[in-house]
Amino acid sequence: MFFDSDLLMSALRALTPILLAALGGALCERAGVFNIGLEGMMLMGCFTAVATSWFTGSPWLGVLAAALAAAAYSLILAVGSVTLRGDAVVLGIAMNLLAVGLTSFLLRTVFGVQGTFDDPSLAGLPLVGGFSPLAYLAWAAVGVSALLLSRHVWGLRLRGVGEAPEAAATLGVSPARYKYAAVLLSGVLCGLAGAQLALGNVTLFSENMTAGRGWIAVVAVMLGRALPLGVLLAALLFGLAEAAGFRLQGLGMPQQATDAAPYVVTLVALFLSTAQRRRRAARTRPSTTGVTS
Amino acid sequence: MDLTLDRVKGALRSPVTFSVVAGLVIGALFLVGTGADPFAAYGAVVTGSLGADGIGSTLTTGTSVLGMALALAIPLRAGLINLGGDGQLVLGGIAAAVTGLYSPLPAPLTVVLALLAGVVAGAAYAALAALCENRFGVPLLVSSLLLSYPATSLASYLVRYPLKEPGSSLPQTRRLPEGVALPVFGTSTVTAGLVLIVLAAAAYWFADRRTAVGYEIRMTGLNARFAAYAGVERRRLTLRLMATSGALAGLVGAIGVLSFPYRFLDGSLTAPGYTWTGLTAALLAAAAPLGTVVASFFFAVLQVGGLSMERTTEVPRELTQVLQAIVIVFLAARLRFPRLRRSRGKPQEPAAREPAAQGEPV
Amino acid sequence: AAKDDAADGGSKGGGASFTLVTPDPVGQNEFLKLAVDGVKAAAKTHDGTQKVYQSSDSASQQQNVQAAVDAAPDVVVLVGFEFADLVAQQAEAHPKQQFLMVDACTTKTYANVSCAVFREHEGVYLAGAEAGLLSGSGKVGAVVVLDTGQFRRYSDPFAAGAKEAAPKTSASTRFVGGQSPFDDSARAKEQANSLLAKGTDQVMAAAAAGNYGVFEAAEAKGAYAYGVDVNQCTSAPGTVVDNVIKKTDVAVQEGIGQVLDGKGGKTVSYGLKEGGISLTGLEDGVESSKCVIAEHEDVLKKVEALRDRIVSGELTVDDPAAK
Amino acid sequence: MTRPPSDPSAAAVSGPGGAVSGPDGAVGGLPPAVELRGITKRFPGTLANDAVDLTVRRGEIHALMGENGAGKSTLMSVLYGMERPDAGSIRIDGAEVSFGSPGAAMAAGLGMVHQSFKLFDSLTVAENVVYRAEPRRFGLVDRAAARRRVRELGAEHGLVVDPDARVGDLPVGLRQRVEILKLLHRGARTLILDEPTAVLTPAEADALFAVLRSLTARGRTVILVTHKLREVLEGSDNVTVLRDGRVVARLRTARTSGAGIAAAMTGRAVELDRVHPAGTPGDVVLDVEGLGTAGVHDVRLSVRAGEIVGIAGVAGNGQSELVEALAGLRTVTAGRVALRGEDVTHASAAERRAKGLAYVPEDRHAVGTAPAASVADNLAMGHHRTSLSSRRGLLPPSAVRAHARDLVGRFGVKAATPEVPASALSGGNLQKLLIGRELAHGAPLLLVEQPTRGVDIGAIQAIHDELVAYRDAGHAVLLVSAELSEIRGLADRILVMYEGRVTAAYDRAEADEATLGLAMAGGAGTTTGAPAGAAPDGD
């Protein structure tokens, strides 16, 4: 059977870091901040998680430190775009570049190696039922953030801020505060995504190990329309396309085709969802994704 | 006299200056933190990139960086971000390689044809991303990014199977026939590609400053509704700008293939990250033509000098990458030196505020 | 960081100088680490100095080679097939400069270019034979960085060896690919998982940094893996069966020696026969290697016999890179 | 007409309708719901409120009237804590207060519906209503309670809205209800509505007034900012009229008339009332038949060379949409537009410009200029493909500069150099730049929208003179303005738009302010068989 539980498991494992990061991106999107720095924030999380786990021996401290470090790193976006009103896209791209340079630099200075740091005694996250605890956390985060956004007072206010900041302000809600909160939370989630990748999916750090997952998360936010469940579906689509690609290699499909498949599938899904959205309503919710156009 | 002084002061206070200085200072702190001597390190960067041994490499790297920077600056001038530079670059390269290998024409004509093929391939592919936005409503940022991956995979497939050099263990095409190559300056690695890219930069400068189209592009970038009100059609502009952008990226790819080692080797066009460096340079200069040239040269110096610094000192080259990113973070946040005296130059204030969006830093 | 160490105990300046240029950052790349060990050892032997220039892409490769040539050391050592075009160009331009290419060679021969190439496929074939003999499911597979001729040397001969040892074995290959194939161990791990899910219980890992991912996957499923270049059994004791050893350090040392002796300009091929390629299981100290193969003397016996047939020339292993 | 020695309408303070009880007027022993004393608010270059006194009694609907820019919104912003007054005091229910934020005003029982809605389109009605004052259960928004609250409030005050509807899907009339529900949910005792009916249909407006009356009947107080005489006459108890930031009349509605209020409102500086000599109309330049687009229905009009046709109307009655459709920025869904005899119904903006159309849009910052671009670049727009670009699309910077210097000089734009960004110009100067640029085309047809909004007196006069001179040079001008005096002073013919239709057409002689005011407020008969664009001077 082509689609079996192993394929699903594989897809689920592959999508966990993407999902965590994309949830962060979705929160930002909802607050009206376009965050394309997910890749960089995640990479900072990877490095911090591995470094902390290595020096303390505790993967849990690694997870914690990753969340904190990525949140601190996300302040660049918060301060730059909310307080100083800089362009979020430019900031995000710069953050991605900075993270690659910074983690490589730190890898050399902290561990004295280049490329990859791997050691059998580096403690990774334990597996529970085939998944790391962070994977369960990620799935829980989908529910929690869906609930938070749709039902919680904070989420309601956040959505209001993202859609019409001046309207929120007239009712006494500070848009800046909510935007900061969303960006910092996205930092935390990207930190967790990095920790999951570096201590969960595998147990090592290598330069640029996020390998474009942050960008996929950005696309998942867009495809999932910044809804937690939509983001989950988008990530799942990507994960399944990738896992199916691995199988198709076994059936003789060239590696290059299976490499491209997830992106093509995503693009087609975007076409379809945009077309559907256009058909359904002339009036669309304003989105921050068009900030620079 | 006073005006020049004001200008100098304005330039010194501009976010560009601030960002570069801040980047250098933070980089120096990093260096001190790791026990290295910042002066020696920066000195090594400068001599390694601008000294007799390094200038050739700097110009070679600069050719690609500037080419990609121009490719990304042109749509950026109208507020459009093309994230698909890699795909367009690679398709340009593979198109040039195929043309170079199979063209029946004499070598010099084949070179021209190969360059054209690269240009056309890149332009067509970038136009596809524009169509995705214009026709299907998929934001350009995403459509260009997503389209980039299949393009690199396609090129990779082609050189692995149908175009693979027989007997080679590398995914690469055969070497282009003798003479199908861009002329080289002396014994250096600098090719006529540099001339082409510099010409492209000059054309961009000219178009930006002195043509109606350039004017429309600038105004669209500053206020798209204003441009539309005056009759500039956004979709058509998007399509044309993206095609131009892709054409340049394709040209860079073709130049890469028509330079040493005169073949398409999978990954060799994209691995050095010219697309991102170019985008950074374009963003740094707010897509202004001269600024883009200066920023590209600055980054080429950092890259070549950084590698040289790593060879001659203990300092890792990632430092230069960090430096580059810090500069752009500061620039995006439009940080600047605090004003020293409050009273001066009131009418200049708004002018000084915008160089990131408009001004030529020259 | 660049290394400019006078070899231990040696005096600087008097002896020979060697510059090693790598195609990628050395990092945890065992193959490149061995090359570095090789030049260091050579510097020690010849009382000289050595430098290592690490590249990361085609542009930095070109700049590093240029810088190395400009400094005119006694030997410029280059590791990796990416350097073939560059070396040809530089050798022509600088006939007095001696080059040693490891793992690849220029298409034309030059008096000042010596080459040391490996026949990894011979070793991989033996590893495949072990896998065929050890497999319970009759399914073996390989996870390899990219679908290129060079890397197919780690997949096709593995399948061939397995079939030689156990004719009913079926084999399958996964190529890591993706956005950074050499660094993406999470992806390599999933690739391995997709093999394991189909019942594969013996996995050849030639996925660079991804090998750690492959080992993790095999370990979790109770399957077995095969490493490359050095003894990787220590990374996952009980999971890694054996390794295809590639003695790059030896090749570098010997190559430099020959160049210094004025016997440059030749290509030396290292395979099972020359001892440049081997398996951990066939070397001394198997017992302490932490490799699974140490517990399978019967298998080792058969593999030794197979090796002898290859060494004697009775059996030739197809080289996928030559296709 | 020249300015009389003393403002005639000043008498209105004691009014044709008789003065309301004085500013101190506490009625029946209860303190007034709202009492503003000597409120002064100054913006750079504008005295928006000049020692304004306003007394609003509990339980009344109090109308606040005045022309654009009279200071109504500013006064309400001061009251609502969004702006700090430079001087003056505020009493709510007799107690002196000082609000630092809308939150504080809300806490004191005030609630405001802003001129532009402050709603979240993607959220439901219930979510909009309870935002920032959410009923909670376990930290979650108690959606059932929120829905219940919307239904209860709706039933109580006749404001029925589906609590689960997405606000973005609602027609404006229902959105208005949501705004009011928001205030009621927060327990507002005094509701401030800034031009609540500007975007409503008459039926919706009537429904709104029914709600407002029911609110006041239950002891709430309403302050209503509006331009519409009819509403004021039918719906309010008292009227305060502002002009140029000062109170010029306090009237009891029952004892006044539309004419009285209009007179009080429009006793503006004399220059505006100056009537320019009539033009001499020539050939038809613009001919519009049965034009329809979003918000505009079946508009028929024509403009001839040498005449200014004015379109009067309260903002939001389709004028902007009409002009955008004529300029090619909005898709035409019905009818036909001809420019100099050529059909341009579906031509692009660029094509129309090429065929002889120039356009001064209403929003000069977002549409009419690129504030970040230099004055010279702003002045070049539209000319860059024609007079300024010599051959094959070249646009020499020297030509752009010369053009800029020329226009800056001709239209008296105060700019340090043509290189300064347009954002450095004052509003009036920016408007001069915009008008100068469009006039410089010498296009046969000029569309000009709100040409003097927010512009100082001197500049207004200059702009008016330019427009008349342009007409006299034989060009056609279509002028859209909410300023009656402007329309009356400039236009040779006046059309009135109401609810997206042209409902009345007047010759300049027959259009006095009362007539126009009445027509703008929807008092010009029904829309059926309206005189529309048929030239009233008949030919």
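To keep things simple, chains are lettered A, B, C and D as they appear, and every chain counts its residues starting from 1.
Heads up, the rule we're going with is that a contact is a pair of C-beta atoms (placed from the backbone, for glycine too) under 8 Å apart; a residue touches a chain by one contact, two chains touch by 3 or more.
In this text, all values refer to a predicted model and were calculated from it rather than measured experimentally.
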item	value
Chains in simultaneous contact with chain C and chain D	A, B
Chain whose Cα centroid lies at the greatest distance from that of chain D	C
Distance between the centres, which are taken as Cα means, of chain B and chain A, whole angstrom	28
Chain B and chain C, separation of their C-alpha mean positions in angstrom	36
Separation of mean Cα positions, chain D and chain B [Å, integer]	48
Chain A and chain D, separation of their C-alpha mean positions in angstrom	46
Shared-contact residues (touching 2 or more other chains) in chain C	1, 54, 146-147, 179
Sequence positions of chain B contacting 2 or more other chains	149, 160, 316
Set of all touching chain pairs, with the criterion as stated earlier	A-B, A-C, A-D, B-C, B-D
In the complex, chain B residues that touch chain A	30, 34, 79-81, 132-133, 136-143, 145-147, 149-150, 153-154, 156-157, 160-161, 224, 276, 279-280, 283, 316, 318-326, 328-329, 331-335
Interface residues, chain B side, partner chain D - complex	209-216, 218-219, 222-223, 225-233, 347, 349-351, 354, 357-358
Chain B to chain C touching residues, read off their complex	53, 56-57, 60-61, 64, 149, 160, 167-171, 175, 187, 189, 260-263, 265-266, 268-269, 271-273, 303-304, 307-308, 310-316
Chain A-touching residues of chain C, taken from the complex the two chains share	1, 24-29, 54, 146-147, 172-175, 177-180, 183-187, 189-191, 193-195, 197-198, 209, 212-213, 216, 220, 234-236
Residue numbers on chain A that touch chain D, as the complex places them	147, 151-153, 156-157, 159-160, 163-164, 166-168, 170-173, 283, 285-286
